[in-house]
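Heads up, the next two complexes both have subunit A, just with different partners, subunit B and then subunit C.
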Partner chain A sequence: MKEKRLKWVLVAPALIMIISLIVFPLFYALRAALYLYRYGKPFRFVGLQNFIELFNNPLALNAVLNTVIYVIIAVSAEMILGLVLAMIMNRELRGFSRPVRAALTIPMFIAPVVVGIIWRMIYNPQYGLFDWLLGIRNFAPTGGNHALYFVIIADIWQWTPFMYIIILASLQSVSPELIEASIIDGAGQWQRTTRIILPTISAALIIAFTLRFMEATKALDIIYTLTFGGPGTDTETVGFMIFRLAFNDIRIGTATAFSWLYTIIISIILGFFMNWLNRRYEIV
Partner chain B sequence: MKKALVLLSVLCLVAGLAIPAAAQQKFDGVTLRVFANSHDPMLKAVKWSIQAAKDQLGIEVLMDEAAYGVQYEKATSAFASGAGQYDIIVAAHQWTGGWAEAGYLEPLDPFIKADKTFDPGIYNPKAYTINSTVNGKQFGLPFNMEGRLMFYRKDIFKAENLKVPTTEKEWLDAVKYFANNRSKIQAKYGKDFYGACYMYGAEQGPAYPFSTYWGKFNWKKFNTDNGFWDDKYQNIVDEKLLAQSFKFWQDAMKYMPPGVETFNLPEAYQFFVDGKTAMTEVWPLTLYGMLLDPANDKIRKVTGVANIGYGLPFSGGWAICMTSTAKNKDAAWAYLKMITSAKQDFEFFRDFGKGPSVKATFANPALTAKYGEWLKNQGEAVAAAVSPGKIATMSEFYGGDFWKIADQTMIGKISAEQGAKQMVKELDGILDRAGYKQMNPH
Partner chain C sequence: MSSNPSRKRLVRLAIVILMTAFVLAYLVPVYWIVITSFKPESKSLTWPPQFIPREVTLDNYKVAFQFKSVFWYMKNSLIISTGSVLVSLVFGCLAAYSLAKLRWGKKGKQNLLLWIMGLKIMPPIAVAIPIYLIFIKLKLIDTYLGMIIAYIFFNLPFVIWLAYGYFKELPNEIIEAANIDGCGFGRLMGRIIVPLTTPGLITVFLLTFMTSWNEFLFAVKLSAFRVRTLPVLISGFIIDRGLLWGQVCAVATISVIPVILMSLFIQRYIVAGLTFGAIKG
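On to the complex of A and B.
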C-alpha cells in the first residue's frame, strides 16, 4: 500500500505539469470552440456551430489545400537539397569545409519574419531581384496564380540548412571502415549511397523529416510578412487562417474549433507515421 | 572672497524673488495614461501634448504607443482584462463601435452638455460623426481625418489632351487611353510607365469597389449611412450593384501594371513619387507628405489632385477617446478638448501633416500656399467620405473573411456575382455575431 502511494507521490509533479500545461489548455480551447466569444459580452454557447461554419467555409478548405501543397513541396525539396548539400559537404574541400559549412546554416538562424521581408524585397516586381539581376521585367513572383510556389522557395531557402545540418551530423557518424569495406568489395558510388549510407542514416532522415513536417504544417510568420495570405487567399495556410480568425477577426471560437480539427488531422497523420516508423526501425 | 560670497548670496536672493512660483494648474498631480497610435503625424501630436498638458493643465501624460496592426489587439486585451491600463486612447473609427458596446469607452455626451466652452460645431460634421458617434452617442472627438483622393500628373494629362475624370466612364476612358497607347506612352515617359497604378493588394484594394458601390447606391431608399446595413442593423446590401462594382474593377485590372494584385500603399505611393504613373488613388496625407519632401519637388509641381470620379471616397478616420476606467474623467475631458481644439487641429496639420477635422483648418489662408487645391479637395472628400460602419464585429469586416472574399473578387479569383453573393452571406454572419439577428437571412 505504501509503495503504491509512493508511486503516485513520485509521479504527481510530472502529472500536475502535464495536466496544467497541456491537458487543461487543450480542453479549455475545446470549450472555447463551443462558444461565441465577443469581448465585453458574456460567452454564448453555440454548440457545434463553429465547426459547422468551418465546414461550410470555402476559405477553410482553400487553406487546407494550400497547406498540403506547401508541406509536401517544401519538406520534400528541403529533404532532397539538404541531403545533397550534406553529401557534398561531408567531403574535405581543401580547407573550405568549415567556413562553407557554417555559412550554409545562416538562413536557419534568421527569424522567419525577417526572411519574409527579405524575400518580399527580392520578389518586388519593380525593384526586386528578378528585374534588377535577372532582367525579367515586371514579373511579380507573389502575384498571378503562382504566389504559393514562390513562398515555398523562401521556406526552402530558410529550412534546407536544418535538414542539411542533421543529415551532415549523421553522415559523419557512418563508419569509415564500412565504406572502405564496401569499396574493397567493389561497390560503386551509387551502390554505396543507396545500399550503405542511406540505410545507415535513415533514422536521422526520418527524424529530420518529421520535425520539419510538424513545423511546416504551422507555417505562418513567413507568409504574414511575405504575402499576408494574398493575392486573395492564394497563400493562406491553415496556420495563417487560424491566426487571422483569432487575432484579426477576434473569432476565438471559430479559431479554436479550426485548431482542434487541425490538431486531430495532424495527430492522425503523425500517429500512422510514427506507428510505421516503430514497426520499421524501432526508433520511436 | 567674503565680498564675493555676499554678492553671490544677494544675487541668488534677488533671482529667487524675481522668478514667480509655477502657476497652480487645475489638474496638478493628475496623471493620464494615453495610448497613441504610432502613425507619425498622430504620434507627433500626442508627443507634443506631453509638455502642453503639463503647462496648460498641470496633467502628467504617460504615453504608450503601438502600430495599427498591434494597437487593436493590445488595447482590446487591456480593456478585457479590466486592469484600467489607459485613460485616453487614439482609436481607428472602426474599433470604436465594439469598444463602446462593450463598455470600454466613456460616453462624452454629459461632458459636452455640461461644458459651455465646447462647441462641436467647429468640426467637419462627417469627421465628428464617422470617427466617434456610436448609436447616437459620442464616444470620442475627431483626431485624424482623411478621405481618399485621386492624384494625377497635370503635365501628362495636358500633354495627352486628357480631361481629369469626374465620372466612372471618364476615369475608365483615361485608364484605357494610357493602356491602348502603351508603346507611345512608354517611349515618352519611360519604359516602366503605366497610366494608372491602383492598389489591388489584400489590405487596401477592396476599398475601390466599395467606393464605386457607394457612388451608385440608392441612399434615399434606406435609413443607412454605409449602404451595408440599415439603422436596425439589417443587411441591405444591393447584391447586383455590388457585383457590378467589383466587375468594374476586375475589368480595370488589365490596364494596371503587372503584379498589381500584390500592390498596397507602399507600392502605389512609390509608383507615383517615382514618376511611373499618371494617376492613382491613395490616402492623401501620406502621399502629399512624401511630395512635400524637397527631393520630390519636381513631381509635386506637376501633381494635380481631384476627387475620385467613380464613387464616394472611403473614409479613414481616427478618434481620441476617454476610457470608461479613466480615473480622473474631468482631467481626461480637459485633455481631449485641448488636443482637438481648432488651434491644435491647424497646428498639427501645419507642423506634422495630421489630417484636419476642424472646418476652419480647411479654409485657413496660411495653408493654401503650401497645400493649394489639395486642401480644398481634401475638405470635400472628408465631407463626402463614407465609412463601412461601427459594430462590435467590425474586425471581421476589415481583414476578415468578408474582406478576403472582396479581395479574391477584386483580383478576379472568383466571379463578381459569386463574390458579391458570398460577401452578402458573410455580412449576415458578421451582423448576427454582433448580436443583430437577421430577419431575412441570405
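On to the complex of A and C.
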C-alpha cells in the first residue's frame, strides 16, 4: 500500500472513535442544552433559557467559586510541597529515592472513591484519626463551613506525590557539571537554586502544573464519597453540580448548558496555556 | 556554616524525620483501611484508635463474598477494563505509528496531536451526560459493550500520546531496512515495532487499565444492575447502606491490592506515563 494512503488508514479508526465518542456527544449535548429536558415535563425547545437560568442561579456561582478555590489551593500546595520535598530528597537522601518513590506511587492509583472513603474515616468526628492526632474530639472537619478546605487536603494528599515524582526525576537529570561549574563560579546555594536549578527544570514544572490543573478542574469522585457536596452545597464543585443537576435533579438541559459553558472556559484557559507551552518547549 | 559537622548531622536528622513523616502519611491511611477490614464491625472505629487490632476476624470478607459477591463486581471491572484497554491499545498504536513514522506535514501532525491531547482538557461529565442519553436510545445502558465503548473516551487519547512518544524514539533505519527486505506492514508491526517497544507498551497497558479499573463517573451512570463495577459498589456503601466501615474497608482493600501491585511494575516508566510522555523518566 502507498504510504500516503496507509497513513490515513492507520489513523482513521482512532479518529472515527474519537469523533463518535467525543465530538458527536458534545454536539448532542449542545442540542440538549437548548431544550427543556426535565423529568415529567414535555420536551420542548427553549432557546437560551437554560443558560439564562444558570446565570440567575446562585448555586452555580457557588460551585464556580468553590472550584476556583479548590483548583488554586490544591494545585499550588501540591506544587510547592512536591518541589520542596523533591529538592530536599535530591540533595540529602538520593540513595533512598527509589523505595520512597515506590511508596508514594500508591495513592495516585487508588480510586478517588476509595480516597474519599479513607478521608471520611480520618475525618470522622467521633473516632477519626484527624481529631485523635490533634488531641481533640467531636470536631467535624467536613461538617462546618470550612468543609471545602478539608476536602482540598484530601486532594493534596492524593496528588502531592505526583508533583514530587515528576520534579525529583527532572532534578536528577540536571547535569552535575552544571552544578559544579556554578560552585566554582562562587554561586551561593540560593543563587544556585533560583538561577540554575529552577530554570533548568522549568519545563517539567510547567508540564506537571498544567496536568494537575487540568485534572483538578474535573474533581468529582472524591467529593462524591467524602462529602457528597455537603454540608448543603458547601463542597460542590462545578463538576459535581453538573452531575447533581443531570442525574439527581434530572435537569438535563441546565446540566448540559453548564457543562458546555464550563468546557469552553476551561478549554480557553488551558488551550492558550498549552499552545504557549508547546511553542516554548516544543513538546510535540 | 555548613562545615560544622554536628550541625550538618542535625540537619540531616531533621530531613530524615521529615521524609519519614511524608512517607508515613501515605502508608498509615492505607494500613488503616486494611486493618479496619479485619476488625469486627462493632470495633471498626474506636477511641482511641487501635493501630494493632485486639480481635482479628474475617467476618467482613465473608459478608463481602456472600450474596452478590465482590467477585461478581470484580469480574465486571475486569471485563470492562480489559476490553476497553485492548481496543484502545490496538487502534491507538496504529494511529500513533502512523503519526510517528509515516510522512505527515509538520503542521498537520502537530495540530492533530495537540487536538487529541486537548480532548483530555474536557471534563468527563460534559461527555458523560450526552453519552448517557445516546446509550439509552441505543439500548447500550447496562451492557458490557456500552461500558467498553464509553471507556475508550479516556483511554484512546492517552494511548496515542504515549505510544507516539515511544515509536518516535525508534531509529528510522530499522523501518527502512525492513521495507527494503519486503517486510509488509503487519509483519513490521508484529516482528519489529511492538517487540522493540514492549516495556513501554506494557506501561501504557497498565496505566490505562488502572484508570479504567478506578473509573467511577461513567460506571455509576451507564450501569444499572448487570455491569456494576467495584468503584460503584464502594460508593454505594456510603449512600444506601449507612456506614458499615468494616465492610467498606474489606471491599476497598480488595479493589486496591491489584492496583498497588501493578504500580510497582511500572516504576521505571512512571514519569513518562504520568506526563503523557512529555518528560522522560
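Assume the second predicted complex is superposed on the first by the 236 of 284 C-alpha atoms of A that agree within 3 Å, B and C clash if a C-alpha of one lies under 4 Å from a C-alpha of the other, contacts with A are read in each partner's own complex, and residues count from 1 in each chain.
Heads up, the rule we're going with is that contacts are C-beta pairs under 8 Å (C-beta built on N, C-alpha and C of every residue); 3 or more make two chains touch, one makes a residue touch a chain.
Fair warning: this is a prediction, and the values are worked out from it, not measured in the lab.
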| item | value |
| --- | --- |
| Contacts of A:Gln126 with subunit B and subunit C, given as first, second, both or neither | both |
| First (subunit B), second (subunit C), both or neither touched by A:Val113 | second |
| Comparison of subunit B and subunit C by subunit A residues contacted | C |
| First, second, both or neither for A:Leu15, with subunit B first and subunit C second | second |
| Which superposed partner A:Phe228 touches (first subunit B, second subunit C, both, neither) | both |
| Subunit B versus subunit C as contact partner of A:Ile80, first or second or both or neither | neither |
| First, second, both or neither for A:Pro25, with subunit B first and subunit C second | second |
| Partner chain(s) touched by A:Phe247 [first = subunit B, second = subunit C, both, neither] | both |
| First (subunit B), second (subunit C), both or neither touched by A:Asn57 | first |
| Partner chain in contact with A:Glu3 - subunit B first, subunit C second, else both or neither | second |
| On subunit A, the residue positions that both subunit B and subunit C contact, one per complex | 126, 228, 247 |
| Footprint of subunit C on subunit A - complex, ascending | 1, 3-4, 6-8, 10-11, 13-15, 17-18, 21-22, 25-26, 28-29, 32, 85, 88-89, 92-93, 96, 98, 100-114, 116-122, 124, 126-129, 132, 137, 157, 161-162, 165-166, 169-170, 203-204, 207-208, 211, 214, 217-218, 220-221, 224-225, 228, 238-239, 242-243, 246-247, 252, 255-256, 259-260, 262-263, 266-267, 270-271, 274-275, 278, 283-284 |
| Partner subunit A, residues of subunit C touching it in the complex | 11-12, 15-16, 18-19, 22-23, 25-30, 32-33, 36, 45-49, 91-92, 94-95, 97-99, 102-104, 109-110, 112-114, 116-127, 129-134, 149-150, 152-153, 156-157, 160, 185, 210, 213-217, 221, 230-231, 234-235, 237-239, 245, 248-249, 252, 255-256, 259-260, 262-264, 267, 270-271, 274-276, 278-279, 281 |
| In the complex with subunit B, residue positions of subunit A that touch it | 36, 38-41, 53, 57-59, 125-126, 138-140, 142-144, 147, 227-234, 236, 244-245, 247-251 |
| Contact footprint of subunit A on subunit B as seen in their complex | 73, 76, 79-80, 98-99, 101-104, 192, 200-203, 257-262, 267, 270-271, 276, 392-393, 395-396, 398-401, 404-405, 407-408, 411, 413, 422, 429, 433-435 |
